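Shown below is the structure under consideration.
Chain lettering (A, B and C) follows the sequence in which the chains are written, and residue indices restart at 1 in each chain.
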């Protein structure tokens, strides 16, 4: 029985196999259209997240399976005081595999310990969101052809952004990867990423405050949202807010083959005028998210399609 | 790529073809049972509407397809500030066709501009609800055999009732259609319907206050709800409320082949004693709503069944 | 047209046939995997209940059918004032069978009177929850081999617990069944169960306050939750609360083949240390709940699988 709690649960080899499977699914969707006939996915979303939930549901439906579940805690037994451990044992009687989003860190892990079906962490508080990272990796590998030899800019709220931390952790396993960390001082990556991950592994990185300064050299620009409330004072916010909005002008400074990713939802940190730029791949990233979740479901269920 | 924003998006010929297809579906449901195998409908309901949502879902399931979506804005990404334009681009990665209900007028239109899948307006504020109108037209054509040569009574809240406005707009395209507008003064059809639609097109119509006065001549009686809060004063409400309740007594005044339609939900404006009258077809109308949505999905997806 | 409002709607013979069908489904799930192809179940949950709803949905999906519905009243037409009678007539146009949970006693019965599809009561207020009772009976019959000759302990809140009342009503139809009613005085079974059901039918029963005193002789122990708020005073609660918590110590006093059932969700009335005891069958009970609902759907739809 395998679960997915963190992207690091998969070795580099396993991940490689998973991404290759996702690309085969992309190319031959019909081949997989009945791979999960008669199987059921449970989407247990204790906290709403339409995009992630619908991506999982789409993945299972594309494989011929079906879906049960709930989209918020109000309509779950949690309201009656049931523990996550009990819920997963009940769900194990209903479904073949489960995707769980929970506001509490570690809840999917607790569930996986008592589960008799594979549990996928679909986001647990500020902690992990591994299938987003898998989608990011698939997008980069598919469109760049590699996960090594890359200069990656991470821009925005690098302190609280769990997708950024996950992506750093996942990418340092590949050779010759370099990071440019673009954020206001208040929102720099936390100590446990800078020291324990980057420094400890001898990964080259720089920290800058202005996106314009960083963008010309990047192979990948990974944007995230900077919320006004995160700034310590109004003055700083006014001084810096434009640094983190990606527009045509900034795109003009970038390489011709730089890719722009974003975990979505986007608010205003990428101007809509950038959407039609062929380097803007954040909607393709959504599509890759479906393929990688299809590959993940097949892998965790141990289903091989010939 | 075609969308459906208003019933008038379809020409009279296209509408005729659509209704004919719906009747064929009614007669040969099995022929269409796998027409949408492997296809997905997204139901994006930013505002709850069980009947409309379930009608769409039933339509897609009857065609062999499957459904993803959400049933209220709380559980959507809108809560995180995502625009409708972004949401539809994301949904385009998941589904093959989409039905959107939104409290804001024009939201489905905005979505359709950025969508790479057909978007069906499933109701946008007080503006349009085109599939209700298609259901109304199919009901009338199926049970009366025609959409021309009809005297149609529209009763109740004609000011705010969008289904009434849509129906008028749709029916004036057929020859020899006459309207009897039955409502309290405060709830008469707005200027932009009376002048710009009826008068401008030389459509015969009369406005009356009492349903009893109008009912004997009608071929069709389209009932809608009159909410107490809509009246300007209590006195008027007390004087008139019974005018707009359809009961056995009033039905006795009507022709033997007059049909009673209602977009539902009904509160008390049609007495339940009328339900068993063969002329009461508002539940059949629900069934026709499924057939016409099936026909619409097939048409917008460009699927032809031999 | 048959509905299921109460477990007693089924005669002993019909129930026997239903449970036998459920066991056949358990043994040969593939045989039934397409029995409901093209059929639709509507889950109309006017009050949230994830476990019951998902059990019904799982049952229908396991039979090859599909599901539409809603999981709380907010997203239903009830909010617009539609009656249950109207709702079921609308749903009859969409689905082939319906499971309804409603906070008001009798609502599913009202619905069934106007329905043209079978209606299953999935819980109506404190009144009935027949499919829970069917799951209880299937669990006992499958694991004990009989529904007669049993000494059954019912423990906890016997006053408000509808599953307990339903189970008593269902079991007294079998020969040589004896009950041990274990509860604080404030939460003893109501008069209409003690006098009108047990005494009136000459069913042997005893009432005790301490689970430890009762457990050694039992064949079945049916646990339910005792909520603190139900006690009349704090003193009583402190004195008695441990009486009703099933732990390893109390299990040591029980027979080797006693079964522990619980309708779930469990809060703390069964210590988790008991979960691994082979006599603890409350999660198996969930699985039997799916089988019995599959059998029920087939039976009410009149579908026979060869």
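Keep this in mind: a residue touches a chain if its C-beta (ideal position, glycine included) is under 8 Å from a C-beta of that chain, and two chains touch if they have at least 3 such contacts.
All values derive from a computational prediction rather than experimental measurement.
Using the contact threshold fixed earlier, the set of chains in contact with both chain B and chain C is A. In summary, the pair chain A and chain B forms a contact in which the copies contribute largely different residue numbers, shared numbers making up under half of all those used.
Think of chain A turning onto chain C: fitted on CA atoms, that turn is 120 degrees, to the nearest 5. Remark: chain A and chain B have CA centroids separated by 41 Å (rounded to whole angstrom). Within chain C, the positions touching two or more other chains are listed as 66.
On the chain C side of its complex with chain B, the touching residues are 38, 40, 42, 66, 68-70, 74-77, 79-82, 85-86, 89-95. Against chain B, the residues of chain A that register as touching in their complex are 33, 48-51, 54-55, 57-58, 61, 66-67, 71-72, 264-267, 272, 283, 286-287, 289-290.
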